[in-house]
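What follows is a pair of complexes built around subunit A, which joins subunit B in one and subunit C in the other.
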Partner chain A sequence: MALRNIIGKRIGNGIGLVGRRSLSTSTSDVENRNAKSMNLYSAINQALHLALETDPRAFVFGEDVSFGGVFRCTTGLADRFGKARVFNTPLCEQGIVGFGIGLAAMGNRAIAEIQFADYIYPAFDQIVNEAAKFRYRSGNQFNCGGLTIRAPYGAVGHGGHYHSQSPEAFFCHVPGIKVVIPRSPRQAKGLLLSCIRDPNPVVFFEPKWLYRLAVEEVPEHDYMLPLSKAEVIRQGSDITLVGWGAQLSIMEQACIEAEKDGISCELIDLKTLIPWDKETVEASVRKTGRVLISHEAPVTGGFGAEISASIVERCFLRLEAPVARVCGLDTPFPLVFEPFYMPSKNKVLDAIKATVNY
Partner chain B sequence: MASWGRRSTAVAHHMRAFFTANKTAQIRIGTRRYPFFNPAVSSALVPRPWPSIINMTSLFLVNRFTSSVAGSQAGSRHADDDNDDNLVKKELAVKMYSDMVTLQIMDTFFYEAQRQGRISFYMTSSGEEAINISSAAALGKDDIIMPQYREHGILLWRGFSLQEFANQCFGNKDDVGKGRQMPIHYGSSKHNFITVSSPIATQLPQAAGVAYSLKMDKKDACVVAFIGDGGTSQGDFHAGLNFAAVMEAPVIFVCRNNGWAISTPISEQFRSDGVAVKGQAYGIPSIRVDGTDALAVYSAIRAARNMAVNEQRPVLVETLAYRVGHHSTSDDSTKYRSLDEIEQWKTDRDPVNRFRKWVELNGWWSEREETELRSNLMRAIQVAEGRRKPPLTELFTDVYDLPPSNLVEQEKQLRETINKYPIDFPSDVSL
Partner chain C sequence: MALSHLASSSPSRSANLLKPLSSVISLRRPISTDTTPITVETSVPFTAHQCEAPSRTVQTNAKELATFFRDMVVMRRMEIAADSLYKAKLIRGFCHLYDGQEAVAVGMEAALTKKDCIITSYRDHCTFVARGGTLLEVFAELMGRQAGCSKGKGGSMHFYKKDSNFYGGHGIVGAQVPLGCGLAFAQKYCKDEAVTFALYGDGAANQGQLFEALNISALWDLPAILVCENNHYGMGTAEWRAAKSPAYYKRGDYAPGLKVDGMDALAVKQACAFAKEHALKNGPIILEMDTYRYHGHSMSDPGSTYRTRDEITGVRQERDPIERIRKLILSHDLSTDKELKDIEKEVRKEVDDAIAQAKENPVPEPSELFSDVYAKGLGVESFGADRKEKNSHGRHLDNTRDDPSGEVIIGLCFHNPLPA
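Then we have the complex of A and B:
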């Protein structure tokens, strides 16, 4: 696989990704019975199988989903549930989401796939002006809560402008939808099932870099993880770090190294970006007095800005240092310059130290 | 192929019927009669010579549907089906006429109410009464309507009351939409009429999804999605028709080609031969019909519905009419078109007058009934105006199924502000 070769090269360039990523996950939120080692796309695949199994009015559709999808997330679904329920759509994102809204308006679970988050923009009108407002504008006579839009997002090592974007911030500015981003296979399965079954339209961004690289013990049964509940995945007392998706594993490595210098880091996975769990983050900042936010998306106008502003409003007198943000640069996502663009472990580590020593 | 573009423009703008004495000049094609048009008058907008009458009349051929189901030729429709008298019985015709008149009067009243500053906005359907009412009459109550914004005649047909219309226009506490949207953004789940939204053509791909759901249910019902001539330029038009065709979804796409998208005439909208050819491009059976002819519209929609439901596929119906009114109360269309043109269509081609001529009436509709309707409308408007707006909590509900913590917090903060500065806020919203 090209990805493994890239990883091999990257090790040589000192990026610090070694083979498969392992992530720490809280074991408290879901029981471990019948857990099987699997990667992210397999976990998502399982979630989709369960969604269609448990609801005869659930549908999966999008470009190329029938043969299994370009990332294998929809493998086996068409064979098992038939082409009336799992089908390819024409190449048209605004059509995919519009069609999904209509299907959901009739009470169905419409699980739409956008092939790359980079291509979600033609559907932006349907998402913002239609899906997000469907219930409100009708006085709750109609709703499209059954709609879930899944899209692979984020850096993949060689994706360039149009296979690496993190567009979550655009959607976090839209009342009426939810935005959810899992950090690992086990999280992805539980969160995706919650998104599908949530009575509100949801955009679910899947970190494509982790599709194969992230491997974890994932329970085989049907389980759901709560939306709008952030999780403290590493306890600490000196500084709070907030992130989501693939960036968390980078942040975790920074935390581990910071520990060697005697800095105790608390790491929070936000999971749901809107509506986001202010209470958990605030409680952590009240404990540590310092906060750092990190995301791949460009720093200006990124979702880190919202978290920063909210924390400053709520915890100003408790803060010992300015809120730090370690994010992507304000450029289109570059190809050969990706290692420079990315918020790497060392950038995060430096910011941790600067904040703690402020 | 320059003539194709001219035909399309001429259809909407440059028709002038020849009237000789008491007779309307007509040609007869099959069992249908079509008015004769003289395109000789060229408009200042498009100063080009027009094709001759012979070419023009071909635009008004109602093509017979031939269905093609899995190889077997179902054949064309029977001669009986074309007989106007059999198609619409008297009782139905009376309700159709009555609702067309009601729609016209209702539009006048609400338009005037806006002019008087009592409601903020309104859009009439003048010139398109037949499209509205005939479509509604030709459909079943289980057929789901996905409107653009000029189809309130369908709601009227289905039983939405004058009071309910007024409530939405005033956004009062009895508005089922809870006062959230501008006037005319009606929606009623009871009447299978999905709520109007301002963005153009967004309902079209949604219609494909709704219809796909009906298909899964094997329901004896279809979706009827409306769009104007301008809306066919939107990307969602392409998306909607293509998806419906590929999914074999039972949708009737009805294009109200009224010649204008606000101030943009169709010559500046597309260069295709109208909208019907666009449907053909997607593999969708398409028909063009005179939208000012109530019976023609009824006939076309009936046939379209049968095809959509029985063959489980989309159909496109292009109805030709003229937007007699302004685009909305925010528009003065005399700024971009001649008064003569408007008057011409208003008097010579009024769908309501035209339908009255066909229906032979014997004192069933009198001045008295019209007076009664007017006073009912006045009362509905006064009652709606006097009612309070929905309570403040409705600002925060239905954003999600349940209000999240940020909205709970914002409501609390807002109430504190209102307590402090009550004078900043309207008093007809209960706290």
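Then we have the complex of A and C:
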């Protein structure tokens, strides 16, 4: 995926900063010094190295993280920071997250890895009932803001039912946690560092298809990207497309093809799903009058539904066409039928044309 | 079989044929029908927790040993063939192979009836075959074809066989154990006199839901047998690094347990028979099968980064389940080496034929994408700009109430007979 490297102003320290919401024209808000070409898992690896380097009370744990993890995101951490800070857990997601909450409650940065997002459900109770509500129910006496849960999510071409799921919608329904999804290596490093240093519990979903596939120039220094701030990664005037993670590259291809038919598409990367940047999306829809949301998760109850409802609420009179959603089908993630299930470029393109010609 | 080499060694063929058979042949009948009891000792005695271990003397016979041999050879050959098919990209997705662990599947099957239920995790190819699954069903399912046991919709990790009470094939480790205890509850409630074997691995043994299920089973005396197939590595993590107590047979605490040499099919059979009897009378029991997998965790794992090659070859030489049965057969003079090799050749051909057949088989119809989500289909139009919602029978739901039985309502409105 080609992303322009524009040297832009580095945005402050980014923690919880939600101000300055101009229509960003830069695709990069990070200085580009000492940038090195690397893929997604290397970028995440760098972020973790920096997180542990800068905070002596940061820990990384999960299944098989010690040798580097099944996707190599945790390579070198155990050797560098020792077994007391980087360690394997037994096969128990509920235990991992509960343990992480406790660790975070004592003021540490607990970076827990769930090996595949498909396995996160045993920990669902801990995340929803414990992590999300800790600060609230203790009247701010306690909190587990130091908790970050990382999990690879999404289709990978042959993952089948239990190695391809996109469960972000379940977590978006829980006030008290944040859900963040990066689209590329450079974004992932900055966003992950922000998530780790954010004083709220965060679930960070990493698009596993891009671990090796996405290669980009990533600055080697410590930088953070702001949470709850969406980014316009492609300017347009006819229709707004909203997405996150690996799906953005599919959408970008559809935008390029639509351009050949004279349709000018604006593409927005949401980055943080909750709390999401309604203002940026709204501003874009006010410009274009049309919106299309796309995600891999099944369409019914997917996060696209929330975006659709909010936009209709805010921009009803401005809308020229119904809000379109191009998403996964309402079936379990299939095995041989994956190409049929996925919201492919052609489906997105079809929907762009239908919406523009409504 | 046995007659041919005797006839060639004697000078007068017709004279031999006239003599009574027993004096000519060394009392050996064709191996596949001989049921004269043979007594064998298991490799090691059983270790028991909170119960009395069964004897290490096992009754078997030539027929059973021949069946064990053949079945394990089929399983071994099938798994090796699956390895090649995966590397040739005919099998995609994930593929977890069972070679090395065959004795658990055959030994268990020998102690059970088809009324007993078995439920296991994703390393299920051989358990499926032991329950009566055919090679065609296996390879077709692995390659995602219609003739597969799950119609090509499940893949390697999701084999099922309802008519033999094989409840599959689960991706999330440990999740199958509470399910298994539920099956046991149903069996007890319906007075089936049958039991459920819920299998899991040493990695899954640390899941909380196992202990919840065990507690419930023990409280209500359910005929549930929890079988830990301990191949000593949960993916790449050795058991001693994941479990405070790797004595999985003791982890039931109040529930009795038995540790079994899982590479000895006869020991497995003895233990399972013992467990079945125990569970029907006294409730849950844990069996720990000390076994080993030659392949890595899955086809993406070489299996040699966390174990030494010496360890793997060591187990192959000392404890291979097929070799054990082969030695037993040969030492008891039940068959010749050549005959056993002929069986292996025959099996190889069977496997190759099944693969060829499976390759010809078509992939499932696109409509299968939407079928079986609910009891009655519910789906979304996959192509076209208008993307109206349709039910799986192709009717638009935008003029009817949006419910799964919209088709029924259409039928009632237009005086069509209700669907079956």
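Here is the rule we use: the second predicted complex is superposed on the first by the 330 of 358 C-alpha atoms of A that agree within 3 Å, B and C clash if a C-alpha of one lies under 4 Å from a C-alpha of the other, contacts with A are read in each partner's own complex, and residues count from 1 in each chain.
The definition used in the following text is that a residue touches a chain if its C-beta (ideal position, glycine included) is under 8 Å from a C-beta of that chain, and two chains touch if they have at least 3 such contacts.
As the structure is a prediction and not an experimental result, all values here were calculated from the model.
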A:N200 touches, of subunit B and subunit C: first, second, both or neither? first
Partner chain in contact with A:L40 - subunit B first, subunit C second, else both or neither: neither
Subunit B versus subunit C as contact partner of A:K347, first or second or both or neither: second
Touched partner set for A:Q94, first subunit B, second subunit C, both or neither: both
Which of subunit B and subunit C A:I307 touches, first, second, both or neither: neither
Partner chain(s) touched by A:P122 [first = subunit B, second = subunit C, both, neither]: both
Subunit B versus subunit C as contact partner of A:H163, first or second or both or neither: second
Which superposed partner A:V281 touches (first subunit B, second subunit C, both, neither): neither
Touching both subunit B and subunit C, residues of subunit A: 90, 92, 94-95, 122
In the complex with subunit B, residue positions of subunit A that touch it: 57, 84, 87, 89-90, 92, 94-95, 97-108, 110, 122, 125-126, 129-130, 133-143, 145, 175-176, 178, 199-200, 228, 275, 278-279
Of all residues in subunit C, those that touch subunit A in their complex: 92-94, 144, 152-155, 157-158, 171-174, 203-204, 206-209, 234-237, 241-243, 305-306, 363-364, 366, 368-370, 373, 378-380, 382-387
Complex contact set, residues of subunit B against subunit A: 175-178, 180-181, 185, 187-189, 194-195, 197, 199, 202, 204-214, 216, 235-236, 238-240, 242-243, 246-247, 397-401, 404-406
In the complex with subunit C, residue positions of subunit A that touch it: 63-64, 67, 70, 88, 90-92, 94-95, 118-119, 121-122, 158-163, 299, 329-332, 334-337, 340-341, 347, 350-351, 353-354
